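Note that the chains are named A, B, C and D in the order they appear, and that numbering of residues resets to 1 at the start of each chain.
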Amino acid sequence: MSKIKVAIIGCGSIANASHIPSYLANPNAEIKYFCDIIKEKADKAVLDYSCGEAIEDYRIALNDPEIEAVSVCTPNDGHAAISINCLRAGKNVLCEKPAARTYAEALEMQKVQHETGRVLNIGVVNRFNTGVNLIKKLITNGELGEVYHVYVSFRSQRSIPGLGGAFTTKSIAGGGALIDWGVHFLDIVMYCLGDPLPMTVSGQTYSKLGLDIPDYSYINMWAGPPNYSGTYDVDDFVTALIRTEGPTISLNGAWAQNIGSEEMYIDLLGSKAGIRLQYGKGFKVYGAKDGVLLETTPTYKSDEMFQDEIDSFLECIRTGEKLASHIDTVILSSRIIQGIYDSSELNREIVYESAMEDAK
Amino acid sequence: MSKIKVAIIGCGSIANASHIPSYLANPNAEIKYFCDIIKEKADKAVLDYSCGEAIEDYRIALNDPEIEAVSVCTPNDGHAAISINCLRAGKNVLCEKPAARTYAEALEMQKVQHETGRVLNIGVVNRFNTGVNLIKKLITNGELGEVYHVYVSFRSQRSIPGLGGAFTTKSIAGGGALIDWGVHFLDIVMYCLGDPLPMTVSGQTYSKLGLDIPDYSYINMWAGPPNYSGTYDVDDFVTALIRTEGPTISLNGAWAQNIGSEEMYIDLLGSKAGIRLQYGKGFKVYGAKDGVLLETTPTYKSDEMFQDEIDSFLECIRTGEKLASHIDTVILSSRIIQGIYDSSELNREIVYESAMEDAK
Amino acid sequence: MSKIKVAIIGCGSIANASHIPSYLANPNAEIKYFCDIIKEKADKAVLDYSCGEAIEDYRIALNDPEIEAVSVCTPNDGHAAISINCLRAGKNVLCEKPAARTYAEALEMQKVQHETGRVLNIGVVNRFNTGVNLIKKLITNGELGEVYHVYVSFRSQRSIPGLGGAFTTKSIAGGGALIDWGVHFLDIVMYCLGDPLPMTVSGQTYSKLGLDIPDYSYINMWAGPPNYSGTYDVDDFVTALIRTEGPTISLNGAWAQNIGSEEMYIDLLGSKAGIRLQYGKGFKVYGAKDGVLLETTPTYKSDEMFQDEIDSFLECIRTGEKLASHIDTVILSSRIIQGIYDSSELNREIVYESAMEDAK
Amino acid sequence: MSKIKVAIIGCGSIANASHIPSYLANPNAEIKYFCDIIKEKADKAVLDYSCGEAIEDYRIALNDPEIEAVSVCTPNDGHAAISINCLRAGKNVLCEKPAARTYAEALEMQKVQHETGRVLNIGVVNRFNTGVNLIKKLITNGELGEVYHVYVSFRSQRSIPGLGGAFTTKSIAGGGALIDWGVHFLDIVMYCLGDPLPMTVSGQTYSKLGLDIPDYSYINMWAGPPNYSGTYDVDDFVTALIRTEGPTISLNGAWAQNIGSEEMYIDLLGSKAGIRLQYGKGFKVYGAKDGVLLETTPTYKSDEMFQDEIDSFLECIRTGEKLASHIDTVILSSRIIQGIYDSSELNREIVYESAMEDAK
């Protein structure tokens, strides 16, 4: 079987940290193009990985019939347009999270996926996380009883990424802490719960601590340093309450806050047992039996989730299998995130009157 | 000056733990009646404290012209009726929290207070807490900048009080974790923020872990042991999101949950600094200056808040001063709590169309 | 501007861990020689860093007119002789701490520096530490009020370095825990306090736990393993009390002791506030206001102090700026250390009758 | 055998907390007089303990031939004069610590004890502490090898007692933290080491945090509240270094300091093993064997040391046994404390030229 030819579109942090090494480690793939509108980044990738060709315009890859698979690793404003064009050109697409800046864009992506029949997976990589899958299995097997509420906390004291750059410019990123971090947390929740439809969403977002860029105190900055003359018009704090056909979900998230604790976890509250998952780490199960309260800490061998994501993407191009990270599932968290942003602007709860025929 | 004659109505845990010792320690008060519908409790109090007269019917105290002050320490279903009758009989009333089972009852209490002009304070004792008052001062002085969100957590793994008894019977208590614990936390928030009016309330309550009374596993039980043939129809978990004219407030509360951590705190998120208050303990202030993040832990001498509550009540009977724990302030948290219960039943957000003329 | 050519004299742990990588990271420097009397170490450096020439005799570098800067990274017995020869040859010198084995040697180094006018900095790298500089600023700004006492603790259960080797042989190292560790702690204190002159020194040193080399129990050994046939005649414990024109300083230090706690900190006791600095970590500020005791923990971005030390050294060769790590400041802690050793031998306090004209 | 008749002179905190209950619990003793120059205190004692007679002038007890034993529990300025008068009147005396305000006073007490042959014990109650005695035995048995240094820490953030009162007035108390707390710590050290003679003493005391009495922030105050118009002229911080014929001893002590940790311990550093004793609590032994470091925590049944002190005092009146708390042993720590105060005034070390014939 010949190798699948891949184009990497966007050669920034996430491409270099996850996509590229995973393709290189897969024997059935070969990177043909490294594309970036900042040509130096593409050139550097060719040099670093000793393979592929550096291009500035992704349409070169799009028009190359050899290319079967595309990883979209650009800032969020490129996600929908590039993915759609690639699908229409017959390519299979793995697009980084969030699917898009808005729910409308995500819906359009889904529509084109349905029309073209090509693969469109989103980089909700935690669906390939060993611990998350163990939790999903525990819930499915009824070990928690009825899960009635989920509390999601993704709060950090100082973690605004690339202050003044693409991450903090709404027209590029679509939003801040909620769309960048919240999407991961909400997607884990949706996945573990079996993707229940949202019924109401009430939320509020705040843009406070990054407003005065030169005055922002921080210790480290992902995708930094700050651009003092850049833009900051996204949320650094979000709170929300969501009713689904299943449990309610409440969340607090902060890219930055004046509270010192780092609290990154998901609490799944069940009638028989509950789980606290520390994001990116392990989890504990809490139950009770015969008057005894039980706390159980499972230890397990973790697969490399980014590798699994890439391997599964390449595999499903051949097999046609629909992955858990398919646009059809991710559309739900996109809808919720949009709901929170809308609710915040309206200062009232969003009610989803009808079922989501559009989304399923 | 002659001593103020006091009647204690309801001789259960809160009366014995707080009200009675505080009256005894005040040189200007004298307990004349201990009243309880379970006569043995009143008799025991007379014996224990070597003073007063034991009565079963509080109307004896009500009809005694010598009585100036009344502490209402009954289960919640007695709060409104007894307080109202006492006010109408010309007595000054300190009624334990929550003011009443419902907002309607609380409004009625407020109305009668306004008509009679007698004192009606509610036992929101944290308004007399040293740390809480330090926080209020920091906020008022602008040290936190704009407080934009408050997160409230009152979550315990196993703390349902008197399972099967008055605490867990809705017709008596009015509710569970929210009305019993939440009232304290919400009241601290309201107090520190200067009592901002609520605009929207969305919430959901759950009654799960206490349902099967004999199967409920626990380590200790306040007001226990369980009554296996009793009633359990109140909330053991609550989640809510509240918009006020000031900050938003989100909360999660649990009398019982299958998560092992005890998380009892209030986070006040400000644009300049933030505070985490550990309920009943101390607090930390988080700020930043010139690129340095600062965590400050104040240590201070705590006054005895229950004593201060009683002393202030007795004092204001003489002076006419309106205390921070007056029904006019407490009515706000009562409205919010009602809103959460209503929202939970309707599965949608409650919007307060008009201002609260009724309440202010 | 052409690059500054550098010679590294002594290619042991400190050269490889700090000096060499910092020179390589500075765009204005180029390492021309790696010198070590154990030729293999110099050869290895050439190989590891792909630059420079390996030499055994440092006089080759000394006689090369291209060399402007020298890092002296030999055992302590080489510090004075090599630094002096390099200064006389017109080189600028960064000599590792301690300046020398004895105060007399250090004075000689200072004298030659004054004669030649070349740079002579000592590797008291904490003067480039972000936290230490924050503390110095707080003291200078009067935030601590009058600093009246400083307590210095550098005590470890088992940390004798290279037992039986150069570190534990007095004729080579000049001393043990005091000269090797104490020099860092005392230098931080001197720096933060503005280098006050010592008035009296009383101290006692002990050589106990390393005496029986094969019997010495330990978990890890820096610069190990032990040389069972080597020498151990240096101090593993020291206690001292120093009066300065400013505060008193007391210290306890242990390379090894039969107490299990690792206590590495400096307490600065001020009349308005105090600071505990955990060596190599952060610090806490303790104050009080209006009856409230305040504990503040600053978090800050730490610059790489070794890099800063090298960068500043290279910079000051060009600019002539006198750094805080100049021999003229370090001479003070050298005098104190000598005083402690002398006091220990005499079993009585050393009194500095006259001012330190020699040293300033 | 008839009961020993006892007079309590001084009815303050230490009398009520320790002496009186211990006499009452001893079947061979009977309290005949409670004496206090504040008559109300003596009256209250008669009432509280339902025995004895209240007197204002201790000479009544002194002239009563029935009285055999006297407890001197006055402020420090009464210790020497009262003890001496009682000894001369033929009474046996247990005098609270410190023996006296100055070494000269203590020497005078010792002299009169020698002349009269009556018992004179000092309230160095830790000599009756179970843990302290276990440590003494370990040292005597050679388990620590050579004890070469002892570090003593008695440092608290805010513990000035009775600010503005007898404790903080030098003419009454003789000193502050050193004489009030240090005497206990030094006495434990002296006792465990077998009372070695001091050779040199260098120390410095500071009077800083209590100077501005109304501005002193604190949480609790022993023997409080503060007297705002009182005197504060004693040490709240002390540092010292002592050479003895045995080990060196260094100490830092604070009644108040701007450091938040409470560090109350004694480290005994031995060549074979070491001990950290937490004052008033337990101790740990640290050793090593065959490359393994050992930390041993003994748990033991603690006798009531105050009871043991009183019982032993009463017993030795009959038997003539010389107790470990005899003035002849306590004189040593009195000499050291005096040396520290003298050294602090002179800003130089005190050297004891000749042996202490006077003291032994």
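Keep in mind that, in the parts below, a contact is a pair of C-beta atoms (placed from the backbone, for glycine too) under 8 Å apart; a residue touches a chain by one contact, two chains touch by 3 or more.
Here the structure is a predicted model, which is why all the values come from computation and not from measurement.
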item: Copies chain A and chain B touch via same or different residues, half shared test; value: same
item: Farthest-lying chain, centroid of Cα atoms versus that of chain D; value: A
item: Pair of chains joined by more contacts [C-beta pairs], B-C or A-C; value: B-C
item: CA centroid of chain A to CA centroid of chain D, Å; value: 68
item: Centre-of-Cα separation between chain B and chain A, whole angstrom; value: 42
item: Between chain A and chain C, centroid-to-centroid distance (C-alpha), Å; value: 49
item: Distance from chain C to chain B - Cα centre to Cα centre, in angstrom; value: 60
item: Two or more partner chains touched - positions in chain B; value: 291-293, 295, 299-301
item: Graph class of chain-chain contacts, one of line, ring, star, complete, other; value: other
item: Chain-to-chain touches, reported pairwise for every pair that qualifies; value: A-B, A-C, B-C, B-D, C-D
item: Complex contacts: residues of chain B adjacent to chain D; value: 299-301
item: Chain B-facing residues of chain D, complex; value: 218-220
item: Of chain C, residues touching chain B in the complex; value: 134, 291-301
item: Residues of chain D that touch chain C when the two form their complex; value: 144, 146, 148-149, 151, 157-158, 199-200, 202-204, 206, 208-209, 217-219, 237, 239-241, 243, 248, 250, 252, 254, 257-261, 267, 269-274, 276, 284, 286-293, 295, 347-349, 351
